[in-house]
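This structure is in structure tokens; I'll ask about it shortly.
For clarity, chains are labelled A, B, C, D, E and F in written order, and residue numbers in each chain start from 1.
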Amino acid sequence: MKVIVSRKAQFNAAHRLYNPDWSFEKNDEVFGKCNNPNYHGHNYQLVVSVKGTIDPETGYVIDIKDLKSLIKEHVEDAFDHRNLNLDTEEFKKLNPTAENIAVVIWNKLRPHVKPSLELKVQLHETERNFVEFEG
Amino acid sequence: MKVIVSRKAQFNAAHRLYNPDWSFEKNDEVFGKCNNPNYHGHNYQLVVSVKGTIDPETGYVIDIKDLKSLIKEHVEDAFDHRNLNLDTEEFKKLNPTAENIAVVIWNKLRPHVKPSLELKVQLHETERNFVEFEG
Amino acid sequence: MKVIVSRKAQFNAAHRLYNPDWSFEKNDEVFGKCNNPNYHGHNYQLVVSVKGTIDPETGYVIDIKDLKSLIKEHVEDAFDHRNLNLDTEEFKKLNPTAENIAVVIWNKLRPHVKPSLELKVQLHETERNFVEFEG
Amino acid sequence: MKVIVSRKAQFNAAHRLYNPDWSFEKNDEVFGKCNNPNYHGHNYQLVVSVKGTIDPETGYVIDIKDLKSLIKEHVEDAFDHRNLNLDTEEFKKLNPTAENIAVVIWNKLRPHVKPSLELKVQLHETERNFVEFEG
Amino acid sequence: MKVIVSRKAQFNAAHRLYNPDWSFEKNDEVFGKCNNPNYHGHNYQLVVSVKGTIDPETGYVIDIKDLKSLIKEHVEDAFDHRNLNLDTEEFKKLNPTAENIAVVIWNKLRPHVKPSLELKVQLHETERNFVEFEG
Amino acid sequence: MKVIVSRKAQFNAAHRLYNPDWSFEKNDEVFGKCNNPNYHGHNYQLVVSVKGTIDPETGYVIDIKDLKSLIKEHVEDAFDHRNLNLDTEEFKKLNPTAENIAVVIWNKLRPHVKPSLELKVQLHETERNFVEFEG
């Protein structure tokens, strides 16, 4: 009998969508205004979920204070108030679409969550657009 | 490794819940105030989700501009500011419950989303009531 | 020293915007899709606020249970699951725009709120459109 | 072809997290400020979901008025404006973590939902923390 | 030309509404389930607003990091995860209604905000009930 | 008897907070991570409100379609998916704090709203920080 525990967080970042192997025209056609060379930005809203059994001693699947700290250390401290393309290693060569950001966050968190716990990441790029990844 | 991409949209419509094979009394008993012959209405909030692999060239599962256009063409243009019972073919003979509207929307969108992508529809009828259908 | 106390409520209704003194063409030009003769609808979200001094015996400006009951009796019971144009006296001859609905609600509630309390009505027609009236 | 129908509800309760088999120091270390012996509290937001096939006569998976009543009778009447540790049988000996509350709610509702319907409970303890249980 | 700057915060607390000068019956009649002697609780959502002129050197009315710190020091550290009736000096003899809590918070913050800035406090006790106080 | 009509909109932009007359150290001390030379970004949520009397022929204070168009032309087209510091004339020499952005938007819209209508701008920079300006 497993329970999912979720924690919401947020980070504010600049980014630009483009493929360096393409011409500016091709990038413009595919990514439109998201290809602005001067960047634009978002309030990224993040939901990190872990699924596992309840520890009978604590009543917790995971101490949500620990989950909050993991998100702060591995996601917020790395991405908040950053330019994803310029300031992070992960997106130097990877297009920072919502899909890719979610996968990167999942990969950053996975080693720090016990193997017995399943992990899911939901990332809202705007009020109307969001993505999910569970490995 | 699959990612889910979701887009929110909205349409405002009138409807009435009733079964034409039943008496007014039976309809009243089952559907209550939703059976008002003069109709009532809702701001339907819609979340359309597609699940698939990330295209390594774009970083997209689907271009969310395309998903937005599909929803506009096949759902918003068909249902927004309409009376679902009177103005749409789909609900001439089908009771426009949230469940049936979600299935109809799924069926309208399915042919226009690539077969390799899974499709899910979530429909909020009010702030407190919502339904989901994934085929 | 005055405090404002607010209560949120909701009603779901159908309506049509038009001016009966105008041609259908003129109505169509001004009200567009809101002029659908078969009606459309909304989840109207309402915030009713009263402003006054705190009663030192209760710590209340108004018992919010009483405010909730007033809204139920005079607004929800009158408008919820109704067609505003057809089912209510107030909008038989008055165009049910958000502005007019807010003024009507204010006028319906005003006699039932103590004269020493100021009254304000906020009405959300959609997630993005809302109006306010304070007499 | 199954559809999920969900209903949101809320209850406001006090609670304290601790394990009676542990010292106060151990409880303090694990539960921190949640171990305040004088209790703290939350607005618990609940989403109850049932999954099943649509009844062709009604267009409903479940009459959402029935789902609303079940939640009122078995959850809101039991937990709203209560101290979970002192006023309820379920948490006299069970630590009222969000995880355990979700499981208890699921167990309270399960006998009252038709066996052919799957049941899921989502419980938000704060704006940023929530849990899910589906049996 | 003045601008209002607002910051949202939250605290989770237990409380009980009653007037110690009244009988339990009178308290029960007036405060209903809010008079539970074992307490209940809320996620209080707070919005603190200051109004003033923009400093031309910084572009700020107030550094919102300072406003955030003031709220943390004087409100969150005092009320979060507390029993308002038992754990705070302010409500030992004052009924912790939303109205009174808002006035207390305003009085706690006022000495720490520059006299040239106007101060307003909005406090949400539940999703549907909230109050405002501006001195 | 005046009614306020409000419209919500959104734009996603990059920005950097700094005063070019100050050293990097002074900027860092005052603006912290907001002074990242590579920029960060936000989903700015905007509420534009106009206050005036109801036109008895239409029931409108302003046609909200016109208000929506004004916001699109003068705010969204100018700021959405832009770098406020680099891509806009207004913030070439003005620090793009939320306060200054709100004043700039108000000044951009004021000439296009009838003088008989009062104008107010509310701008949310994050979920927890927002500002208001009414001239």
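Quick note on the criterion: a residue touches a chain if its C-beta (ideal position, glycine included) is under 8 Å from a C-beta of that chain, and two chains touch if they have at least 3 such contacts.
On a predicted model such as this, the values are computed, not experimentally measured, just so you know.
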Shortest contact path, subunit B to subunit F, counted in steps: 2
Farthest-lying chain, centroid of Cα atoms versus that of subunit C: A
Remotest chain, subunit D as reference, centres from CA atoms: F
Distance between chain centroids, defined by C-alpha means - subunit A, subunit B (Å): 29
Whole-Å separation of chain centres (CA-atom averages), subunit C against subunit D: 34
Where subunit D touches two or more other chains, by residue: 127
Arrangement of touching chains [line / ring / star / complete / other]: other
Full enumeration of touching chain pairs: A-B, A-D, A-F, B-C, B-D, C-E, C-F, D-E, E-F
Complex contact set, residues of subunit E against subunit C: 17, 19, 30, 32, 94-100, 102-103, 127-133, 135
In the complex with subunit B, residue positions of subunit C that touch it: 10, 12-15, 33-34, 36, 38-43, 45, 80-83, 86-87, 126-127
List of subunit C residues in touch with subunit E within their complex: 1, 3-9, 54, 57-61, 63-65
